[in-house]
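Chain lettering (A, B, C and D) follows the sequence in which the chains are written, and residue indices restart at 1 in each chain.
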Amino acid sequence: MPQTLTTDAKGVYAIAATPFLEDGSIDFESIDTLVEFYLSHGVHGITVLGMMGEAPKLTGSESLAVAERFIRRVAGRVPVVVGASASGFAPMAELSKAVMDMGAAGIMVAPAAYVRGDAAIHRYFEGVMASVDRGTPVVVQDFPQATGVHMSPSAYVRLADEFPSIVMLKHEDCPGLDKITTIRATARRRTSLLVGNGALYYVQELERGADGAMTGFAYVEMLVRVHDLFSRGERQQAEDLFDIYLPLVRFEQQPGFGLAVRKEVLARRGAIANATQRRPAIPFSATDRQQLDGLVERLHRRLS
Amino acid sequence: MPQTLTTDAKGVYAIAATPFLEDGSIDFESIDTLVEFYLSHGVHGITVLGMMGEAPKLTGSESLAVAERFIRRVAGRVPVVVGASASGFAPMAELSKAVMDMGAAGIMVAPAAYVRGDAAIHRYFEGVMASVDRGTPVVVQDFPQATGVHMSPSAYVRLADEFPSIVMLKHEDCPGLDKITTIRATARRRTSLLVGNGALYYVQELERGADGAMTGFAYVEMLVRVHDLFSRGERQQAEDLFDIYLPLVRFEQQPGFGLAVRKEVLARRGAIANATQRRPAIPFSATDRQQLDGLVERLHRRLS
Amino acid sequence: MPQTLTTDAKGVYAIAATPFLEDGSIDFESIDTLVEFYLSHGVHGITVLGMMGEAPKLTGSESLAVAERFIRRVAGRVPVVVGASASGFAPMAELSKAVMDMGAAGIMVAPAAYVRGDAAIHRYFEGVMASVDRGTPVVVQDFPQATGVHMSPSAYVRLADEFPSIVMLKHEDCPGLDKITTIRATARRRTSLLVGNGALYYVQELERGADGAMTGFAYVEMLVRVHDLFSRGERQQAEDLFDIYLPLVRFEQQPGFGLAVRKEVLARRGAIANATQRRPAIPFSATDRQQLDGLVERLHRRLS
Amino acid sequence: MPQTLTTDAKGVYAIAATPFLEDGSIDFESIDTLVEFYLSHGVHGITVLGMMGEAPKLTGSESLAVAERFIRRVAGRVPVVVGASASGFAPMAELSKAVMDMGAAGIMVAPAAYVRGDAAIHRYFEGVMASVDRGTPVVVQDFPQATGVHMSPSAYVRLADEFPSIVMLKHEDCPGLDKITTIRATARRRTSLLVGNGALYYVQELERGADGAMTGFAYVEMLVRVHDLFSRGERQQAEDLFDIYLPLVRFEQQPGFGLAVRKEVLARRGAIANATQRRPAIPFSATDRQQLDGLVERLHRRLS
């Protein structure tokens, strides 16, 4: 049975890569292996058609086919969130309806790039609410580096207050630690808050009240275990583990380059058949590969 | 028989609005009246699915349906250019193939927003050329205010040089007068160059070598007549006529607001049934309407 | 006796160019002629060290010398506002104190480029107020195209409410007509509001409650007479006059190019000895000059 | 005797903080202790009046006084580079001349924020060269996150080629690893290349041909020792050491927040008397302090 996203969501939601065959066509079988990879590592949810999932490079029908394959394979084991940001509310509503019918747990929406100021952000989400089916759980994505839209903490607090179907903030403002603290301190209605940005400040973010991470770091088991350790009160052990992976977290976190690293690692680990990106693709040079090799080797040494 | 866009294109290509019924659904009958409106005023081409045509607010199937209705109604009387900018080459190629099969004369492509620097712009258009069907005529749209991408004159000259299927530059950099002069002076292969930005500097642009305008100013007859006058060497008359409309050109040219004005005027003139925009829509207040009334009244007085 | 800027300020405040000799040194005698030029055309105030005045190209001591020469020459005939935007409050306070001691009527401050969101804007102006001498009249400059800072109408209303020394908004958001309407409708304390951006929508802005213009258009007499006509209720005559100059207003309003036009016109009119800009200078080509010639000729024809 | 910056510069150039007393006035004695702190840790150079040094918050005379105190205290033991970026060439030249006369080893210049495209960047540095005294060693700062200016690798290669007084690239594009590789592979004239951005990818950058780092990380001894280890071919040991500090490097590297962390650490370590920033200051909350405490404690544990 499909799951529904609620304000209780916590843990790790993997931003799923979209796997392609070498010729650039969608690799549906790798969707299945990727789902099993994520689930075997204990993720609490999966997010598809995110910016990092190369969603904008899919045609409309491909987007639906990809979402459907993910949702079917997951088969209700964890919630599946679908990225539905769009320039207009009509395509957003169309996609939203389609994926909710397929069994998605909710949609994720970032404000359009031209929205300026908290009042305009509020009006924008009023429009979202009026456009998608009533009751569709919504994740607000706050990602100014990508959208250019600055959302103040009070703007999110007000959104969460007025729209009960907003169940989660995907937080990826940077610097953004204080934003978590402020939102937690001032919210009248508590929603889930998962951090993005590769979880570069993961333990500090958990300490400030984040409920986990929604990001695509390819060693997803670290995100899960750190969350577990932290939840059990083993804060130092959580950070010890995190720090072992930090050199790679940082390498993957290079804006507009990380996706290439991430797919490389996923392919090496057998989660997807190959690292192909659709065009326009981020270049990944022989030197990049060598340096990734070096970092992975060092990781294995530290883990052994 | 469908027309093909060539480097000889000149005159006025109307950026067509996308008409909606009051409930926000597509108003196909107004597409027909809008086509006849444009053609009755002597436009030399029509561009559909442009940024000003609210293309991003259409679903995938709606985009195709809108393009098809325009192309069918035009029925080869003038070339129809279709906006095909997209974040990925797969959806761009899909749309491009579909509309060329319908009888479009060419496609228009702006570089994606993350492209930085002339070398990256070149690689981007290499990817476009490799993705769309060989021989598809391409208009390069240079619109930094919307895309954030700065393209130097030499970058366009090199594109035109290397890719024979690039037939036109849609120029809307601002300030951009000198860019026209430089491109005309340094190009090895002459392409068409039409100006956008509401043709706010139309006569000055024609003087510098522009072949006309591709823009959505609702009094399209002015654009056509100014082009005619200028082509016949009647430069002062051309500018006299332009100046009469300048107060409205300027009013419509407010970035991110002009579309509302434009649809209002088109609806008043009977070109479309009503001025409805899809959501998210640009607000148009009672005061805005009053001021538009005043400007239109003044225009009529000066024309009479 | 020096004048003080108050919330009653209205009319035209000329943003003064900074004149240079051909070798790039400051042309103090042209400051005198420029002041007389502005005053002879009836301006109600003069603003110096604005962005358009090439203030950032002056050394610290030159800035003071230029401000002093302007203030001395004006000699209390009209208020002189001094641009004091700075990255830090210490240099802002230093300049502010110096020019107020010289007899400036007030200072103009735009928020620093990194300020994001209304709450941060408010904190920024709290800092300004704590830094400059108590009682110094402050003009808030809202110029998002230059600063990248979006200020919502309610943010200005709150500033005006809390800080009695804020006496004026220099409005140059674009599109910004609705912003004037909203501020006038919601303000609890009425301040002066002068428009910038070359006064491209001057009559429409006056209709919405602007008190005049603070801009650098070189035919300043038009700005003054339009304001006079409008104030006497002769709205159509005001707009008739404005429209005659509109082709030039628009030509001068090209962002990042207009200063070159402006200095050319001021030099031709004898207001300053020559059009030299300091480096880095905006190029002004032979074609630019020709087109300016044409526009000026057309203006004279329409005025005669 | 003052040192001169050359293309052979390597190692670690500390971006010096500007110390303030609690009342916000300059703490000259802390300049002395800070210099000794940096030198005791083996830095190869010191950079003053950088963006991170709160240079824009100083008045003109303060800037000179700060630079002078640093240069005097260093007393030729290492080169002192002075940040001289300015909106105009006149103030840049004035500052440049003054500090070179004091004994600075060179100046550092980033292109102004409005410069767009490689051709314009080239013209900009032509202007810089024509403005500052012939022979003044120049560091080109490539910091797009702060300036908004994208400089392609070939643009820097051409600058280095044409202007012999350009001796160094301060590289802080991100992602920027490939840029180092490309510049090293294509440069006709080898200049020094030091990385900024907190040296977040330090070992990977050294591997690609960086000569060291110019950054403000408060545990500067790590930067020095990693450079030493790497230079002696002990690559793994270099990265082992780096990784121990990485959690703090990352914490300090939060854009627009790191300065607060950095000053806190410098004050705790006795390098400066207190962590005061000038206004507008970056907030540093009790929670921020706690998390910094935690990270410092963890560092000490790992080092012991």
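In the analysis below, contacts are C-beta pairs under 8 Å (C-beta built on N, C-alpha and C of every residue); 3 or more make two chains touch, one makes a residue touch a chain.
All of these numbers come straight from a predicted model, not from anything done at the bench.
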Between chain B and chain D the C-alpha superposition rotation, given in steps of 5 degrees, amounts to 180
Sort the other chains by how far their Cα centres are from that of chain A and give me the top one. C
Do chain A and chain B face each other with the same patch, meaning over half of the contact numbers show up on both, or with different patches? same
Please tell me the distance, in whole Å, between the geometric centres of chain B and chain D computed from their C-alpha atoms. 46
Using mean C-alpha positions as chain centres, tell me how far chain C is from chain D in Å, no decimals. 37
Note the residues in chain B that touch 2 or more other chains, in rising order. 256
In their shared complex, at which residues does chain D touch chain B? 116-119, 150, 152, 154
What does chain D use to touch chain A in their complex? 174-175, 177-178, 181, 200-201, 204, 207-208, 236, 239, 243, 246-247, 250-251, 254-257, 283, 285, 287-288, 291, 298
Counting only contacts in the complex, chain D reaches chain C at residues 24, 54, 56-62, 86-91, 94, 112-114, 123-124, 127, 130-131, 256, 278-280
